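Okay, got some structures for you below.
Both complexes below contain subunit A, partnered by subunit B and then by subunit C.
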Partner chain A sequence: MRIKSQSIRRLVAVGLVLALVVIFAITTPTFFGARNISILLKDSAYLGLVACGMAFPMIGGGIDLSVGGIVCAVGIISVHLSYDFGLSGYAIIFIATLAGAAFGLLNGIIVAKVGLTEFVATLASGFLFLGLGRALVFKDAGGRAVTRAVSSESYLSFGKNPLWENGWYLITFVWIVVAVGLYIVLKKTKFGLYTYAIGSNDKAAKMSGVDTTKIKIIGFIISGACAGLAAFLVTANLTSSPAALGDGYEFKAIAACVVGGIMLGGGKGDTINALLGALFMTIILNGIYKFGLDSTFVYIIQGLIILLATAFDSQFAKFAAKRRLKEQRLSDITPASAS
Partner chain B sequence: MKKEDLARSFKVWIPRIIAFGAIFIFMAIMEQSFFSTSNFIEIIRSVSVYGVMSCGMLFVVLIGGLDLSMGAMAGLCASIMFVIAQNGANSLSATLLGFVVALAVALAVGWLHGFFITTLKIPFFVVTLATKYILYGAIPLVTAGKYVYVRGGSPIDKIGTSRIFDTIPILVVYFVIIALVTWFILNKTVFGRRIYAIGGNPTAAGFVGIKVFKNTNIAYMLCTTAACIGGVILAANNQQAGTTTGNAYEGMVLMAMIVGGINLAGGQGTVSGVVFGALIIGLIQNLVTFMSWGDYLKLVQGAIILIVVIVSVVTHTRSMRGKGRKGRKLLAKVKAEAQDE
Partner chain C sequence: MKKGKTSRILAVLLAVLMVGVFGLGMAACEKESTDADKGATSDEDTGITRPDSFAGKDILTEDTTIWYITLSTAGVTNRMAKLAFDYVIKYYPNIKLVMQDAQYNPEQQVTFLNEALTQGVDAVMIEAMDPGATQGPVEALEAAGIPVITINLNTFATHSLHIQGNDYYSGKEAADVLAAATDGKGVAVSVDGPQQQAETNRMCVGFQEQLAEKYPGIEFKENVYTDNWDAAVAQTNMATLIQKYPDITMVYCASDDLANGVVSAVKAAGKQDQIKVYGSMGMPDALKRIQEGTQFGTYFSDNYIEMSTALYQALYFIQNGISMKTMNYPATPLLDQPTTPVTKDNVDLIIETSHWKEADPDAWK
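Right, the complex of A and B next:
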């Protein structure tokens, strides 16, 4: 039976995660402890949410470098809404998601309507959002940045404590629901199909009558909304919004997507790949701290992961193309010999 | 012919001078101590560092790429040089050895950029973003997590803080030399022509026999070389090197590119544009530092880049569709040509 190349790629991702789990289970005896698992799943959920959103622009053949900025800006906006205006957490979660979606809409309009290249547009808008977040940081009378803790019960109920003792955090469930929901959107709706079409061949999709502008904008909106939701849940867990929040998130999210098997060229992969990639990244980063390595290694290892994963993908794409060609030749020969 | 050239350079330079003058006047009003010698020296200093790095970035942008790792590269090179010089008791030979090693690292990273981008066909922004984090993470390994300082009077100190006629910082000399070299390479050598050709249309450049891979590699190596030089003179001027050296400079360099009218899609851009861009960026940096607007720097960066790029893209598409003054001219020309046939 023919196995799809994409399934092989996903098996590779699963294998990587399993290998990491085995390595850390052997080296650190506390790895399978309920507390460690719950914290691991919580940490991967933040990254996972952002990566699941990022999957849409990436499948569509683009990239969204502004998610770090969106997380920073929405995080501080959420804390402001609670601290200054006393809104309840239930209202803020909607506002945060909408704010993220609005930032995504801005990205989408700049990219799809105006026609800027994805990376220039989102790099610049990322600066813009990050600057907005930094500008909104709480200041004391002397103009110095200070941290303000959220005290609203409903706000903190979204993330401060696990749902039961040593159990999972709410964000883990949110992450799984969002990942599965977006998976269904990708695989079962017209929008999902068109996203793959744009990623595989933008021009062909446009000539076949797909409204590529609309599909691209919606992709960026989903990416922004996921980042906004993640930002709210992060601040609910940390009870405040540090100024460095969101720094480097776009990089981690790209790394997660790439390791998970969403190809940079577009048209390949889905949110389950992003989910696997986020797990991989979190376990490995968690392991760096566990082994007592210097935190500077975090940057080096992240960079190496991206380079190695993309190099692997580029070779894997060659292998997949060769395999397809071979099969095509075989199927060309077989009917002739049968008759 | 000569008249046309003159008209064209007027068209390019008059808006630039107006923009520069506007920011200059704005700053003169906002800052009380703007017209002091120390402030001018401060401006020249930051302009020089940005200018050197922008000249390197120009090569990469001309072939349609971008190097996001420039800031980290600058920091790492400066750290390597400082550490080696310090271990050699700040002697001249140790300083030179340090610079050579730093340059070798820069060239190796530049080659790796080219290899990943051309041979493995990975998008340049992913490659350079990844190396940015690797290099940034490598700085504390080199310096053992501390800042490396140099004392006054050592060779490094002379590189960074000497003055010509006791007033003008020597950094501006490096900037002028690098700008002239860049101008020469781009305008007077075959390699420069090839760079413009690749940026204009890589496929066509390949068809006429230009080795696209090789020249792209060289462009990235030139870029990291400039990052190395920029980082070294920046650190030598500050008399210290460490994790914050050159941190986030790539954003400012990118802004200098865009303000200088260099097309990020590749193929269009001049050294004079880079010099102008560096001047503007130096002024803005000075304003931000003086008014302590550090929190808003990113905001300003993002807004300027977005606005300038959007305006250029919109005007370009409009003129391609035959709208606007330029577009109508283009349309008339096309129509006239069609009638001739």
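Right, the complex of A and C next:
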């Protein structure tokens, strides 16, 4: 029985999540409370959604550093749509996703059409979106920034209250549906296949007739749309749109993808990896708080996790390559000896 | 069996196991809440059981946990807070005080507030970075009988207590002091804190409104916001303001950290004799700059007293079972601290009488 390398990586991620669950369940009294589980899944959902979107540029061999800026801009736009125009939450969730997709399209055009590197292009556009968000912050007649709380029931139904007492939030279900939907897109469509092909070898994919420009643009659109959707859901939870919205989301999302098993070089992983990574990152923070550790440890532990995950992936890639080589040699030898 | 199929089955089994374990946990928790003691109110959200009668906790003998959720644990004001907290809790060996660092992130503060409720801590003190974002979690804490005390930065939620020492009236006071020093004439700007705190942090508003009301001879030009209370950002902001308005004669800063950046920009422009810089809080570096003459003034709000008062109030609330759940205040009770203007005339006295030398001994070497 042979297990695929990527499946082993998936099992490692599942194992890590389970191990954390067991450790914290044994060592902390409130970890397994219904409320804690529900909050934990809700907190995982924002990061998880952004990470699911981020998975597309990453699997395609790139990166999207603009998602934090998109969360900021779209989050503030969403609150304006509710507060100033009285739109319902159902309309805004749709508009927010579209707005995120539009920002993603801009990224895609800059990267795939203009030809700037993903790192620089999305870093710059991230600042652009962040600036746009800050410029749109609510202000009073004297030009001073003010906070406006969302009061629309349909808006808040997505994030403020659980669906049933001590139960899960709608956000969690949205996240799971999106992660599974995007998993199907990656695994069962030509677009998904081409994304893996570009991530494994961009030039070879291009020479095989894959429209790499189009595939990359669609990848960024999905990333932007997920960030836009997450932005709406974050503001539905916070009931407002702080100017600092989206701070650091890009790095947390990348970390979740890497920890979950999406390789930085591209060509490997899927949205279930991103989902597991986000869950792992949130559980570990939740556990740290329960241990009553100084919160400065959070950054140290997060840094260590990313470092270990990257080191593990690097070693794992070597191991997988050796295994492929060994299999290749075996298959070369077998027909010869048979004859 | 097809290659890879086994691994998929294994992954699915593990996922099912994980969901099952979560489900078991939830069921266990639900059972706990139905088993709550008779004659007591069980909060189903947290499982915390509190007596129906108006009674608190014996803080001398029972384990008590209080969280202080700061904007950031960096800086001398947090050393002062720790000094004040250590002084208060040394009489209570059962009290555990945990300082949580939100790193200027409102979402992180919300996570901490939710976690405080999950853990069922006894009281929360917080510098609320975003009044809107913290509203829901603070209301949930108060509804569960956990008193919340906001320090300097308020939340929209009605809660047990807000303590402030550096708000609207200190800005007005700064305008009075600067106007007195300039014969009510000149050109003013203000360097404010982060934009998202503008609604609850109204020092610069006080400054501007006092100038408009009482000092027609002083022309107010512009208020700029500073991300994360960062001195370097304040320096850049001030350099831009000097270029835009070369005739500036006074600057009001919403903190002494910001004043630090502003003083550097004023020095770089060679305008020390033209521009008077006034800060807020009376931090050690600012007091030293006032001694040296590079900063005109600040106001002193005794951070030590403020922090120890907040903690004493938290203990009082815990001891007597006071929260919105029991008190149902129509509005948040407010405790304003007096402020003292500091200039070269009284800076030495302030340094001697404050606790800064204990909190930040290196600053005075």
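By our rule, the second predicted complex is superposed on the first by the 334 of 339 C-alpha atoms of A that agree within 3 Å, B and C clash if a C-alpha of one lies under 4 Å from a C-alpha of the other, contacts with A are read in each partner's own complex, and residues count from 1 in each chain.
Throughout what follows, a residue touches a chain if its C-beta (ideal position, glycine included) is under 8 Å from a C-beta of that chain, and two chains touch if they have at least 3 such contacts.
None of these values were measured; they are calculated from a predicted model.
Visitor: Clash or fit: what happens to subunit B and subunit C when subunit A is overlaid?
Guide: They clash.
Visitor: First (subunit B), second (subunit C), both or neither: which does A:G303 touch?
Guide: Only subunit B is touched by A:G303; subunit C is not.
Visitor: So, A:E165: does it touch subunit B (first), subunit C (second), both, or neither?
Guide: second
Visitor: Examine A:L18 and indicate which partner it touches, taking first as subunit B and second as subunit C; both and neither are also allowed.
Guide: In the superposition, A:L18 contacts subunit C only.
Visitor: So in the superposed three-chain picture, is A:V137 touching just subunit B, just subunit C, both, or none of them (first/second/both/neither)?
Guide: Once the two structures are laid over each other on A, A:V137 reaches both partners.
Visitor: Please indicate which partner A:S240 is in contact with in the superposed arrangement: first for subunit B, second for subunit C, both, or neither.
Guide: second
Visitor: Could you say whether A:D43 touches subunit B, subunit C, both of them, or neither, answering first, second, both or neither?
Guide: In the superposition, A:D43 contacts subunit C only.
Visitor: So which subunit C segment collides with subunit B once the two are superposed: 44-52, 116-124, 152-160 or 242-250?
Guide: Among 44-52, 116-124, 152-160 or 242-250, only one stretch of subunit C overlaps subunit B, namely 242-250.
Visitor: Please write out, lowest number first, the residues of subunit A touched by both subunit B and subunit C across the two complexes.
Guide: Of subunit A, residues 134, 137, 145, 248, 294, 296 contact subunit B in one complex and subunit C in the other.
Visitor: Considering the complex alone, what residue numbers of subunit C touch subunit A?
Guide: Contact set of subunit C toward subunit A: 1, 3-4, 6-8, 10-11, 14-15, 17-18, 21-22, 24-26, 28-30, 44-47, 65, 73, 96, 98-102, 104-107, 110-112, 114-115, 117-120, 129-133, 135-136, 156, 194-196, 198-199, 205, 208, 223, 225.
Visitor: Touching subunit C in the complex: which residues of subunit A?
Guide: Spelled out, the residues of subunit A in touch with subunit C are 1-4, 7-8, 10-11, 14-15, 17-18, 21, 25, 30-37, 39, 43, 134, 137, 142-149, 160, 165-166, 234, 237-240, 242-245, 247-248, 285-286, 289-290, 292, 294-296.
Visitor: Quick one: in the complex, what on subunit B touches subunit A?
Guide: 66, 116, 120-123, 125-127, 129-134, 136-141, 145, 251, 254, 264-265, 295-303, 305-306, 309-310, 313-314, 317
Visitor: Could you list, by residue number, the parts of subunit A that touch subunit B in their complex?
Guide: 63, 65, 69, 110, 114-117, 119-121, 123-132, 134-135, 137, 145, 248, 251, 254, 258, 264, 294, 296-304, 306-307, 310-311, 314-315
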